[in-house]
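Given below, in the form of structure tokens, are the structures.
First chain A sits with chain B, and in the next complex the same chain sits with chain C.
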Partner chain A sequence: MKGKCYIQGMAAISPQPTFEGDIFQAPLVHTDSNLLACIEPDYKPFIPGNSLRRMTRTLKMGLTAALKCIQDSGISTPGPIITGTGKGSLQDTEKFIKEIVEYKETALNPTPFIQSTYNSVNGLIALQQKCTAYNNTFVHRGFSFENALLDSIMMIQEGASHTLTGAFEEITKEHFYIKSRIGCWKSTSVNSQEVYQHLSPGTIAGEGATFFTLTGAATPQSYAAISGFRMLYKPSEEKLATALRDFSEGADLIICGRNGDSNHEHYYEVLDACFPGVPQLPFKHLCGEYDTAGAFGLWLGARILRAQQLPASWFPMQEQLTAPVHSILFYNHFFGEQHVMLRLERV
Partner chain B sequence: MEELKKKLKEQIIEALNLQDTKPEDIDDNAPLFGEGLGLDSIDSLELMVLLERQYHIKVEDPREGRKILQSVQSMAEFITSKQPA
Partner chain C sequence: MAERVFITGVGMITAIGDDVVGNLHSLRSQHSGLGYTEYIDTIYRQVLPVAEVKHPSESLFALAGVPVKDGYTRTTLLGLIAMREALQHAGIEEVQSVPTGFINASTVGGMCDTEKVYFDIIDPEKNGAFLQYIDTLDCADCTQRIADVVGFSEHIATISTACSSSANALMFGARMIRQGMLPRVVCGGTEALTRFTLNGFNSLKNVDKQFCRPFDQQRTGLNLGEGAAYLVLESESFAKANNSRILAELSGYCNTNEAFHPTSPSPDGDGAYEAMKTALAMSGHSLEQVEYINVHGTATLNNDVSEGKALERLFGDKVPLFSSTKPFTGHTLAAAGAIEAIYSILAIQHGLIFPNLNFSEKMEELSITPVTQLLEGYPVNNVISNSFGFGGNNASLVISKYEG
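Showing the complex of A and B:
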């Protein structure tokens, strides 16, 4: 990766109390339903009532996280808006498909159809912020957020002063059921805080909306710098190990996407072998598994880097930091297919 | 006609998810778009769907639609005119 980009502002709506308050004092939210659902904030301070009435969950979460991120960055109007989502608004998609069947392809409501398109959140942000710059949504399964990030980094390298970059995903009952049929989730009820001890096929489901304002120059407010980035599709263990070793320089801490899924645990064993003795923080017990969970991991890493402490209740398995963390290696994969490595540095 | 207007108001509130509005807040003759309820073009499409689903009336001509959807009163009159005597 040429140069660096900096996280100037960020916001996350997740199954943990991440949207407001101090995450370093926050309790750990856990569930034994195999599904970690988001804690939704009060949307009214962010979205006018007349717009709110029409929006489904993902749209509200995505738009609100984006607006909070813009506030956090101190930038008045975003430039390019670049997002990633694996599934977009599932609630709207499901409603639209059900109505096609129920009303035999006649008398279909326009709203679920419009909002089921993946770029709805981007459109809403642009409309609300009166932003006419570049606007793009990437829909590439487990690489959705990462392609949005790659596009943003390239925009910054080409001279954009900042980008609004984010990801959003929701889980619905229907989608949870469909994915349980193909073995994505654990077949027995597992407490989310103990997911790593239950090594068996499948994991726990999750969702979230996470946004970042990325800039080309550091400021005293910057959370962290992104200085390394690599994506690998279905790598062999050898190829993965080679790629991970390229990120080995100076890593004080690893944030990884371990999720208790025995089908794909061997990739994390490659990570263990490449970085013996480097402390690891898995994050899927906080947010669950979803296409764009990597955005939550990046948010967590940036918070830890700036604060130089861990949210104690979230990581009872890990002692507090005893030495400064200068560099974090982030590694995540989505059901063994899309693998991502990021290097985060303290600013 | 009064019963129809009351039912129509309830259906509009439900279809458009007008959370803070009650049927009695909607004046029979107040414009639905712009002022009044402040509805927009997507809402007009939703109301067309409402007429089709609830009353089996399909509005083909958009110019006609504009007149029909002026107010609850105009919608009720249109529905009544389409119902068999």
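Showing the complex of A and C:
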């Protein structure tokens, strides 16, 4: 990756109280249902009531996180909008599949079909912001948000002053059940805050909507710089180890996607072996596992870098930071297939 | 100075042919792929025309060169067939011989197969091989299966921007090359017909019960189609060092959002106008140098007015020859941009302008009409190919003759 880009604004809707308030004072939300669901904000300040009634959950979460991010960045000029989502609006997809059968393919309401389209959130943001710039949506599991990030960095290299870059995902009860049939989740109830201690097949499910305003130039408000980025598809352990070592010399904190899934834990053991002694913060006990959880991990890293402190209730196992954090290595993978590493630097 | 991006291999399968030669033959003989579905379980089987690939999924395995196995959806198989042809055409025996990216496009992933077993998947009482299809619910499944079969490991991505998906895949791949990230990227899309999509468009009341009539006053909607197409893109320096056979140049592109309505284009075609204008400016060619436009031309009431207005605004009274090839292939959604990019290359290579089938009456809103007869021996140097989609996603590509 050439050059750097800067995180100028952010917003996250997640299972933790991340949308507003002080995360450094926030309690830890946990569950023993193996499914961490989002704390949904009051959408009314962001979306007019008549639109709100028609919109399903993913659309509301995605649009609201995007609008809050724009507010946070202080940049209201529209620019490229680029997102990632593994599954789009599952609720709409499920509804339309069922209505086709229920109404025997006649007199169907088109709304769920329209909203199930993966780029519907992007279209809504553009419509709301009257934004006619570049607009793209990536739909590739654990590379969805990451390709959106790559596209954004390329846009900035090509001269865009800023991009609105985000990810959104929901988990429905039905989809939770479907994924349980192929062993994605733990078979017994696990307290989410103890997920790392329960090393067994499967993990806990999650969801979230996270947006960033990325810029080519730093400002005093910048949260962090993204100075390195690499994606690896189904790497061998050797290839992963080499890539990790090449990638992040001198990181003084690691944020990783560890999730208690014994099927894929060995990749995180490669990480442990590469960087003994560097403190690690796993984040899946906060947001659960989902295609675009990497966006939440990036959000967390950027918050920690700017504040130079940890949300204490979220990391009771970790002592407070004793030395300044200048560089964070972020490493995450999605069920062992899509591996991502990012380098974050203090501005 | 960013490098030029060349197209060095193409592969496709559509309702009018199992490969590029087959497609060219059908285009030349004006043989449409529209008909009625053999493979979708729908009450509209004899009612709504579609352009279906003329093979049951079981036979596609052989064409795709993979053993019959659960978990391979029709979307994946169509993609594999087109991919194998594109790689072979570009002379690529081993994709890992140089770092090669794969940018795919899909609108509903493996829905063609998952919709058949979805109610079993959600029924705890049921168990069986259908569980192999759970992962095919998403759009990444087809990309990864294709990547794993042919050996892509460098960079993979899947784009979904409705009907402009594979045009955006081509753009993303071209930009990666221009940024010097990869010397070679294979881009395109794959789409299989589904009951889900057919009912989706039908619920929007924009599917024609007759064969679609783009740019015709009496048009009432689109016909869906299926297919897959991939293009091998290479940087100029790599293509020359590798002695690649250069088919054409991807000289310009633009992606813009219309920000007008979730499913409808603006009546004056603002997005289409902007996309074509900016893509052409990037190509360095003038309006007069465009000989042919392969229009999006879905034959929906809104698209054709909007796109036609945009053509008139951009080109004034000198609108180049244009046609929609959707009466041949149906609207293949995520695959359309790549299929029509290949048709644009064929137009340049063979000096052809393809006819816009089923046209008889000029639209009252427009002063222009599409080409209705096949033109042969017509010099074509620059083609604009349009793909416009839901969510206001507009994409235009400019494909130019390679002059050496």
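The rule is short, and it goes like this: the second predicted complex is superposed on the first by the 347 of 347 C-alpha atoms of A that agree within 3 Å, B and C clash if a C-alpha of one lies under 4 Å from a C-alpha of the other, contacts with A are read in each partner's own complex, and residues count from 1 in each chain.
Quick note on the criterion: a contact is a pair of C-beta atoms (placed from the backbone, for glycine too) under 8 Å apart; a residue touches a chain by one contact, two chains touch by 3 or more.
Remember, predicted model here, so these are calculated numbers, not experimental data.
With both complexes brought onto chain A, simultaneous placement of chain B and chain C is permitted, the two fitting side by side without a clash.
Within the superposed three-chain model, A:Asn50 lies in touch with chain B and out of touch with chain C [touch as defined at top].
Of the two partner chains, neither chain B nor chain C is touched by A:Ser76. Of the two partner chains placed by the overlay, only chain C lies in contact with A:Asp151; chain B stays clear of it. Looking at the shared chain after the overlay, A:Thr322 reaches neither chain B nor chain C. Of the two partner chains placed around the shared chain by superposition, chain B and chain C are both touched by A:Ile114. Looking at the shared chain after the overlay, A:Gly86 reaches chain C, while chain B stays out of its contact range. Shared-chain residue A:Val101: touches chain C; no touch with chain B. Ranking chain B and chain C by residues of chain A touched puts C first. In this overlay, which is a superposition and not a single complex, chain B and chain C have their closest Cα atoms 7 Å apart.
Common to the chain B-facing and chain C-facing surfaces of chain A are residues 106, 108-110, 114. Interface residues of chain B, counted against chain A in their complex, comprise 16-20, 38, 42, 45-46, 49, 52-53. On chain C, the positions that touch chain A within their shared complex are 42-44, 106-107, 109, 115, 118-119, 121-122, 124, 131, 134-135, 137-140, 143-144, 147-148, 152-162, 168, 172, 175-176, 179-180, 195-196, 199-200, 202-204, 255-263, 270-271, 274, 389-393. Those residues of chain A that touch chain C in the complex are listed here as 2, 81, 86-88, 96-97, 100-101, 104-106, 108-110, 113-114, 116-120, 122-124, 126-127, 129-141, 143-144, 147, 151, 154, 157-158, 174, 177-179, 181-182, 231, 233-234, 337. Of all residues in chain A, those touching chain B in their complex are 49-50, 53-54, 103, 106-111, 114.
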